[in-house]
Amino acid sequence: MRHLPNGSSGDIVLGIAERIIENRAYLSEIDGKIGDGDHGVNMAKGFGIAAERIRGKDMSLSAAFDLLGTVLMTEIGGSMGPLYGMMFTEFAETIAGAAAIDAALFAKMLTAGLGGIQAIGSAKVGDKTLLDALAPAITAFEAAISAGRSFDQGLDALVIAAEKGRDSTKDMVAKIGRASRLGARSAGVLDAGASSCAVILRELARGTKARLANDVETVR
Amino acid sequence: MQRFINNPDEVVEDTLRGFVKAHADILGVSPENPRVVVAASAPIAGKVGVITGGGSGHEPAFIGYVGRNMLDAVAVGELFSSPTAKSFFDAAKAVDAGKGVVCLYGNYAGDNMNVKMAIKLAAKQGLEIATVVANDDVCSAPPSERGKRRGVAGEVFMWKCGGARAAEGASLEEVRATAQKAIDHCRSIGVGLGPCTLPAVGHPNFVIEPGTMEVGIGHHGEPGVRIEPLRTAAEVGRDMAATVLDDHDLPAGAHVAVLISGLGATPLNELYILNDAIESEIARRGLAIERTYIGNYFTSLEMVGATLTVMAVDDELKRLLDMDVHCPALP
Amino acid sequence: MQRFINNPDEVVEDTLRGFVKAHADILGVSPENPRVVVAASAPIAGKVGVITGGGSGHEPAFIGYVGRNMLDAVAVGELFSSPTAKSFFDAAKAVDAGKGVVCLYGNYAGDNMNVKMAIKLAAKQGLEIATVVANDDVCSAPPSERGKRRGVAGEVFMWKCGGARAAEGASLEEVRATAQKAIDHCRSIGVGLGPCTLPAVGHPNFVIEPGTMEVGIGHHGEPGVRIEPLRTAAEVGRDMAATVLDDHDLPAGAHVAVLISGLGATPLNELYILNDAIESEIARRGLAIERTYIGNYFTSLEMVGATLTVMAVDDELKRLLDMDVHCPALP
Amino acid sequence: MRHLPNGSSGDIVLGIAERIIENRAYLSEIDGKIGDGDHGVNMAKGFGIAAERIRGKDMSLSAAFDLLGTVLMTEIGGSMGPLYGMMFTEFAETIAGAAAIDAALFAKMLTAGLGGIQAIGSAKVGDKTLLDALAPAITAFEAAISAGRSFDQGLDALVIAAEKGRDSTKDMVAKIGRASRLGARSAGVLDAGASSCAVILRELARGTKARLANDVETVR
């Protein structure tokens, strides 16, 4: 079976940070339409700080996730600090002991991240938040794996569902957060958090696929 | 923006620097976390630590309430944005004297999440943080959903009573219970006449048309229950008192404390004009006013408007209100 | 006008009513003159009476400084207009305990005339009124004509020191001399960023173009020494301190008290931002800051802007500043 | 010689108050151009209160002057309270003991009023204030009397000089008071105080002339 080695895979987080920083202006612009226009700035600040501390360190993926999550939780504040902070520290805790992450553990990791977000925020799917990208992406990944598809194929399904989920937020009316102030006027624009979440998941999938290896046992 | 600022992205840093210089006898910034303000006296042996935290832009809240017999520390967020979990945790750690710490804060999504995580961080180190969440703003949810209401200027009473109870040497649970009682006995309402501008954004973050007012507005411009034509201060004051007291439903003869706060750009004489009508309405309902606080106690940058908080006081709360304090924001 | 008022012609009455309701434990209106506010404690046997008076619209000045160890009474004028001679006289009469009364007021034409006449009225009844006239506003006349300068927020220090000296039981001449010393040791400057509107007039009584500021402006919009582009708070604060200290010319090592007052619509966090620069400039000149007061101490309706007052303090003035007070406007 | 009986002449003050109240809007309008637009309001308030208390009382002129001056000083405040308050109480004190006021005493009365104003304000002739109507009016009255003219003729000279003095303020630059803020821009408009002073002096002269009687000794 295919797996993602934990050790030395910390650079996946560097890639995620790069994508977020590239999308800084875009994410703020989306947030500006129905929020306060700081989502890209908030995200780029936190992911940038984490990237500085990861670069050149040969970190495991779990260590890099933990570092990123901790930076978000301890240095960013607001709502995104705890929400994404919880997601990444839950990712880290789930895979911490494992040398290799197979599709099942990967699914468990994603689910733990989702649980972390829901434990701390109180949003539900359909509230026009990042959950609307994350939750269907996890469902799609799990469905692919239990249907017998490969880890690679599961990741492809993950990305497609995340982006479909992101797009679904366009017509939603925000039920939580700053945009909910606007009521019906919040419809017609993408959600900023769902957009950043789709960016994160696409790069996570790309980095994972690039590092997937065959299990020693399987090869033998 | 006709304002005294430097870099719009550094308003919080610049404010804290000037604040600490002015009040160095009472408080300072934590050597471990520049976003934590700690009382010079803290931690005090045998005393429960009392902390709060929240977004900046509400000065003198939250930092101005740090001092003897009040708050021991405050976690400081960006303008209108929750402090980090780490700052809440560092604030608690800085003031813990082994009796535990109570965090008395307002009901906002970011603050709820960050405090929750701070509790987790603290628990790992064997430090217990009890919490009370203020939800005194009557217009932010119906009475049946009181838990959804925002915390506003009633927090000042919560801090005063909780801080005084801790100063009396009460246990963590006793301090928590008293602060909870204080905020349970508070009802508040805000009326906005003019918006405010986050310096980094550069334009007002909501609109109040001239000639109108927004009744029930929140401290960050959260929309109120209605927008109506601006009326006389006598009518506005009476309606503010009526809304708060209708929600409160106190028996005639009950004693209350009153706090009227400007939102940042409303001059004191107008708050006195409002008070005239507010106290008349309170008296008309047969309530006895123990004490009135009027000034800029909990603001929203340069928003024009005012909030009213009425707290029902029993003998314990009266005693705690009367205790001397030494903090920048209270007389 | 997005303001909390009733009848524009009755702003002073409405303010006084709400004010007295809020602070009935400390003060009340004279039964003989509705334009005189008297401390509940006054007259105090064996104590010199301490009074002031001036136009309204500067709240908490002047009425907020009535209380124990501060002012015994205040004569209240219309908005930006001197009280009557009779009100000054009635204020003096209400607080006289046989040791005489000192009237500590600001240098404005109307106030000078009305106090002069009040002294005449009092003399007829054998009541001696000594006076000190504040002229701390450095931009209102050159140093060679100090007697022409206006009185501004330095009056707060004059009242605090004069009131405390009287509370110590000093004689009329001693109280007068101490209050005179206090104001002689004060220098102030105002910077305006936005005008104010007399409600009865309904439009701003002067203009400050957006993007500019008026340096040296008076409390009623009296023109300053120059209009210049609005700069950073760091530059504005440094220049305010420099102007005041250049006029003061204190030896390095001198001790000072600092008072930064908003003009009515400037939020507290901006005053802290200014203070950062102000205290840096004061420290740069080798002066030691004993104590800093920051808030709305002496305002001008809803004017946007701030004043800085620096008072050089010797041991006597320090002792008097440190004395406890119980009045609405001071912590 | 002609004289003005003191007793029962208090109604002259009623007449003055009527003229001031009639000119309420006009005086405020003038003040509004270079001042704060309240001169007519201030004046009408004070003179109105005094008139209420004089009406129907059969007062002497000295008593009525004293009442008006006291109302101004004790109930009006600002600058006009003390300035006109001093003028009228000085008028009252000067004639208080006299049963009859001849031209010499009338001149003395006016001069005492002027002295009262100057004692309390610090304005000089030429500063664009009410002094620019009052001072030349007194000079003209005294000149007429010392040139041997009658009391009646002196009063005519008084009114002419007061109004000429008032008009002279038009081209002056204000040196004192609120209007002095404007510097050169204060020229081109009449001074409000000089205008009210001219109104007062014209009505004082009219009321005096209407009551002038011949001395008993002179008639005999």
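All chains are identified by letter, namely A, B, C and D, in their written order; residue positions are counted from 1 within each chain.
Keep this in mind: a contact is a pair of C-beta atoms (placed from the backbone, for glycine too) under 8 Å apart; a residue touches a chain by one contact, two chains touch by 3 or more.
The structure presented is a predicted model; accordingly, all values stated were derived computationally and were not measured.
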Per Cα centroids, the chain farthest from chain A: D
Distance from the mean Cα position of chain C to that of chain B, given in whole angstrom: 29
Chain centre separation (chain B, chain D; CA means) in Å: 59
Averaged-CA centre spacing for the pair chain B and chain A, given as whole angstrom: 35
Distance from chain D to chain A - Cα centre to Cα centre, in angstrom: 86
Shared-contact residues (touching 2 or more other chains) in chain B: none
Graph class of chain-chain contacts, one of line, ring, star, complete, other: line
Full enumeration of touching chain pairs: A-B, B-C, C-D
In the complex with chain A, residue positions of chain B that touch it: 77-78, 81-87, 109-110, 113-114, 116-117, 198, 201, 205, 222-223
In the complex, chain D residues that touch chain C: 36-37, 73-79, 81-83, 85-86, 120-121, 176-177, 181
Residues of chain B defined as touching chain C within the complex: 2-6, 11, 14-19, 21-23, 56-57, 59-60, 64, 193-194, 208, 210, 213, 230, 232-234, 236-237, 258, 264-277, 279, 292, 294-296, 299, 301-302, 304, 306, 328, 330-331
